[in-house]
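Next come two complexes, and both contain subunit A; in the first it sits with subunit B, in the second with subunit C.
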Partner chain A sequence: MSAPLVALGDTEAGSGVRPPARRRRLRQLTTRDRVVLGVMIAIPTLIQAVFVWIPTLASIGLSFAKWDGLALSSIQGNGITNYRFVFAESPQFWPAVLHNVAWLAFLAVIGTPLGLLLAVLLDQKIRGTRIYQTIFFMPVMLSLALIGIIWELVYSQDNGLLNYLLGTSGTSRAVDWFGNSSVNLWAALVAATWRHAGYIMILYLAGLKGVDPSLREAASLDGAGARQTFFRVVFPAMAPTNVIIVVITVIESLRAFDIVYVINHGTNGLELLSVLVVQYLVGETQVIGIGSAFAVVLLVISLVPIVLYLSRTFSTKER
Partner chain B sequence: MTSTTSTATAARPKDGVRDSAVARSRSKRGGNFWATYLFLTVMAVIWLIPLLWAVYTSLRPKADTDKYGYFSIAGHFDLGNYLQAWTQGGFLNYFGNSVLITIPTVILTLLFASMMAFAVSRFSWRFNVTLLIMFTAGNLLPPQVLATPLFEMFKLVQLPYWLSDSGTMLNQLFSVVAANTAFQIGFCTFVLSNYMKAIPIELSEAARVDGAGVWTQYWGIIMPLTRPALAALGTLEVIFIYNDYFWPLILIQSGNRLPITTAINNLQGEFLSNYNLLAAGAVITVIPTLVIYLALQRQFIAGLTLGANKG
Partner chain C sequence: MADTSSGRFIMDRRSIVKGLGLGAVGLMSAPVLAACSTGGSGGGSSSGGGGGSVTFGSNASDPVPKKAYAAFVTAFQKKSKDTVKVNTSDHNSFQDKISNYLQGSPDDAFTWFAGYRMRYYAKKGLVADISDVWSKIGSNFSDGLKKASTGDDGKQYFVPNYNYPWGFFYRKSFWQQNGWAVPGTFDELVTLAKKMKAKGIIPIAFTDKDQWPACGTFDYLNMRINGYQFHVDLCAHKEGWDTPKVQEVFTTWKELLPYYDPSAAGLTWQEGATKLGKKQAGMMLLGSFITQQFTDAAVLNDIDFFPFPSVKVEGTDAVEAPIDGLMLSKKGGQNQAAKDMLAFMGSGAGQEAYYAVDKSNIMTAKDADTSGYSAFTKKLSDVIAGAKNISQFFDRDALPAMASNVLEPAMLNFIKGGAVNLKNIESQAKTLYAQQ
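Showing the complex of A and B:
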């Protein structure tokens, strides 16, 4: 699924559980062992190279070219023409950027804090905490495509649950939540938050369990209230988890695709950068160069959280 | 509680001040306590509504909802929508495709990722950290970034017809397996290498002294010890791949070769204006994940948070 495939980065475990010197050097190996090890490294690396790294580089290359996607020989370089189109002429580009920003803002301001709140409440000694956790976590198991369908039943103009609850069903005031371009982005975001909050909750529950209990005791002995203890002591102590949550939230808002594609193929108010890439790929006329230029814009933006995450994870590892 | 406190205060007037302070703090905690429950329960109900609404709608015949409206309790309940959706929607075929994609992908991903993780975490060689970083980075990219060249590449590859009836890598289930495997290897390598690092190096040393080669160390010693992580990751990956919508959308052109998650799109068109059928279809699609979730919840969550608490 296009769910965020990020696990909690393990800065703690990575920070030289074994100092490199204690790991085996290749010199000590026999020739046969070296060959075996070489094959074990080569196969996954080759798969990564062929299916991930080379296509990514090819996206960059094709973004400076003109190609109809037929024969390789028909690829022609055309400089920055594609980018000029993307930034200056494409009517969908800036709306898509705006929607991606709105996506991020909504998850960052509502989805993620809600997940944190649920985690903090459920981390207390509460009866039935497992049942609550199971309920909040349930949507995380569902694909975003399916979530789009399930919420369609809630949002539908004539037969949706929401309009019944608002008492507007059947009247002219009934809103078509997924169809009306002034509300459908927010409707989709509510559905996405349904899933996102549970995901964040489970990650923060793990993070909270990792906080040394003596920190809380010390804080309450010093007379700190519950709120103070959380914001001044517990939350900063979860720094590694917080970084991952930030990265997940950013990457998830860049990866958003499935749900809008299921709703209406990402049109009419639901344009996103990821959708624009696909539109130029599956459309009637394949304009590979322009699709690739959109892909490169998405790549460059994505590299910001990725580099942040990797530098944090792997620099502590090397120390 | 209030009455006991007041009698206590009456009995021991000297301690009155302190007692009432305790009572106040206690009742305050009580207030928070109930507010927490209230909030959680309201949220839980809101969280359940979309799913319960789908289940409720799916159990009602179309004739009844047409007559009474969807927002009603009149009429009767049966499984008619499920039967109709199942036969009309071709679910068996879609589920079959999902299985044919999911199982090979998860096995291959865990196999290759564990080999790489073993090599990275148990031996030190020049580019091991660099490669691990590249693997992890690849997994974090939005798949759309590399979808176009991958599609064109699959289109250009010429395959014999006994291997692929399209003559290329397009419209083949194994291409979806390849794309998914490549995308998941990075994540699994990262998680497994963290896990394997925590296994004492002395175990490998002892095996080496006994004459065990690299493969024996990997398959005979490290892999059995990594079993908990593999189980957790395996569960997680089954859900991830089953839920993958994007790669089949791009790589598969024939509708009857789609896995269920991507085929949902078609159902929406097919069952248009029949929300009862659509709801039944959605519930049918949820069932496999829900079964896995309820049976293997612990594994799944362990997979998601693996690394946070170090295995």
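Showing the complex of A and C:
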């Protein structure tokens, strides 16, 4: 629907003076136009409904029901029992919330700034910058299985690189990075940061390229140092990128799943909300009502940053 | 890393869901969409001996079991002149999708195992009653096996192929050297473990990274303290968790904790078996599949077995020996050729055809030719044959969500800290079982 209107806008801007007759003609859509527009609206709406709205509403409905997953007729109301299970009975729920929060804090305080640092460094015209960019971006492209193997090599208690470097390899003091529940969350967070930083780096590199060079020149003419130029001029100029980065960091910490899943299926100190959803919805251990309740809780939490982002986006537009 | 090397076992069922990129919303849709898929039946069916055709859904995706089932099918086709079409699926995903499979267009016959879910699908009417097959093959099986093949309604739904016992494994030569004797009672076990610890080795190679191995110890202690029937009732949640009986299991278990591997929480059973092989550990409670880990023939020949010692009641009558076998879908129940195939599975000839390829298990039919068994296999087989009751594993005997999501994490915490919150387990069990 937006395409013709944008074209109209361009014409207006280009021609300056608008011939009124032409404008009226453009507003009167032919039947064909209307059909085309109708189809263009209907298809995304249908996709949206089938893949987003219906499943979401069904999940919310199922979270108040009990169902063995067999005949549809066997769905029965279950009140708030499933939510009582989630909040009061499941011993994994509150640790999972805590771990998700820790995930967010770690990525926000360490992962994202590290990505920014890498981007700023690689944005200088140093030799081999493309090679470094590729290296740092590599983790984002690697498959789940490969990531598991790489970190197993680093963290393994008996033959791992880390225990070797610490000099504890083969001794009884060797740290079991994945098995010891007091350290495995941190081990997983380091692995997550390794991936996250590369992602953030690419986004900021693109953001830095978009900053008008004349801003920097002006800043240096005014006598600003490199640090001042960056924090006072360049960083604020990247405001649109910064908003996206904040949203991505929040989303990444909410949907964190794969790394803990390859480590130990998200158990023993690595519980996350996403893991609980999978545990109760996928496979043999499925208990649909409870799994849906976990999913709805995750959905509600996810809505907070989404709503904040959207309200910001729309309020900017209105201005 | 996820352990998938022993795909044959139920505990490895957690298939990898690639990322949560789908998002919570996408995941939520899975059960809804899946429930909508109902389809017609495929594959032919006919009646009478010879000339019929059977479709056979197999979860034997690992090379050796796959070849073994192929050998079984070939032998059946030769004998009956029926044709069998085998559809092999990945082991773990077959298990995960069984509900949809049985409601969609299942094969006539399919691989499955005895336990809670066998009885559950029987109760829901998704599998066929094969009591008529059992009237032919019944005399070929022990009472324990027949009980394990029977649904809640007293009818049979399952034909056993093989099983494998759980017990303590150890190195004979290592024990002889040190003058250690096989413990017959729990107190002797603790005394022996104390001696081993004094010698500076790990007495019991306990490994619980994958969380399911702890079920073995729990089941045995429960059956030795409260009896087999209590185990069955507890698994079905006819008995409560918040009871002195279950408390006693954990209190007794606590006596063993000082003799476990201190890093048990982070080790896989394969790593534990390796320690046993290297004489760094004295013994290990596991299923007989432990022998797969000993590739050195000298070590393998040195491995011996003893049943879990008696504790309080029923001596060592019950043995934990998960049974794998075949079932018929509802549609397969109309197909005489499929019933013939299950009857063949229940005969010595059928099981021998399978065993000829996959020798890591014990045949279950009485008339199966066991002359090819090694002394060690014979010992395992005798333990099962002599058992009054055969339990499956906790995660086969109980609701899977109860096992994986509730008891296994609770047991891991118990192993680490020595405390268990039975009240909480009971309240979770109540909610979970009420949803079935």
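Worth pointing out:
Here, the second predicted complex is superposed on the first by the 255 of 319 C-alpha atoms of A that agree within 3 Å, B and C clash if a C-alpha of one lies under 4 Å from a C-alpha of the other, contacts with A are read in each partner's own complex, and residues count from 1 in each chain.
Here is the rule we use: a contact is a pair of C-beta atoms (placed from the backbone, for glycine too) under 8 Å apart; a residue touches a chain by one contact, two chains touch by 3 or more.
The structure presented is a predicted model; accordingly, all values stated were derived computationally and were not measured.
When the two complexes are overlaid, the chain among subunit B and subunit C that reaches more residues of subunit A is B. Touch criterion met: A:90 reaches subunit C, while subunit B stays clear of it. In the superposition on chain A, A:72 makes contact with both subunit B and subunit C. In the superposition on chain A, contact is made by A:299 with both subunit B and subunit C. In the superposed model, A:48 makes contact with subunit B only, not with subunit C. Once chain A of one complex is fitted onto chain A of the other, the partner contacts of A:98 are absent, as it touches neither subunit B nor subunit C. In the superposition on chain A, contact is made by A:32 with subunit B only, not with subunit C.
Comparing the two complexes, residues 51-52, 54-56, 58-59, 62, 69, 72, 144, 149, 152, 255, 257-258, 261-262, 274, 277-278, 280-282, 288, 291-292, 295, 298-299, 302 of subunit A contact subunit B in one case and subunit C in the other. Across the interface of their complex, subunit C is touched by residues 51-52, 54-56, 58-59, 62, 66-70, 72, 78, 81-82, 84-85, 89-92, 144, 148-149, 152, 157-158, 176, 178-181, 255, 257-258, 261-265, 267-268, 274, 277-292, 295, 298-299, 302 of subunit A. Partner subunit A is touched in their complex by these residues of subunit C: 1-2, 13-21, 23-35, 95-96, 98-99, 103, 117, 124, 126, 209, 211, 263, 265-267, 271, 400-401, 403-405, 408-410, 412, 416, 421, 424, 427-428, 431-432, 434-436. Residues of subunit B touching subunit A in their complex: 36-37, 39-40, 43-44, 47-51, 53-54, 57, 65, 69-71, 112-113, 115-116, 118-119, 121-125, 129, 131-153, 155-156, 178-179, 181-187, 189-191, 194, 197-198, 201, 204, 213-215, 218, 239-246, 249-250, 261-262, 264-265, 267-268, 275, 278-279, 281-282, 285-286, 289-290, 292-293, 297, 300-301, 303-311.
Interface of subunit A with subunit B (complex): residues 1-3, 5-10, 12-14, 17-18, 20, 22-26, 29-30, 32-33, 36-37, 40-41, 43-45, 47-48, 50-56, 58-59, 62, 69, 72, 118, 121-122, 124, 126, 131-132, 134-139, 141-146, 149-154, 156, 159, 161, 164, 169, 194, 198-199, 202-203, 206-207, 209-210, 241, 247, 251, 254-255, 257-258, 261-262, 273-274, 277-278, 280-282, 288, 291-292, 295-296, 298-299, 302, 305-306, 309-310, 313-314, 317-318.
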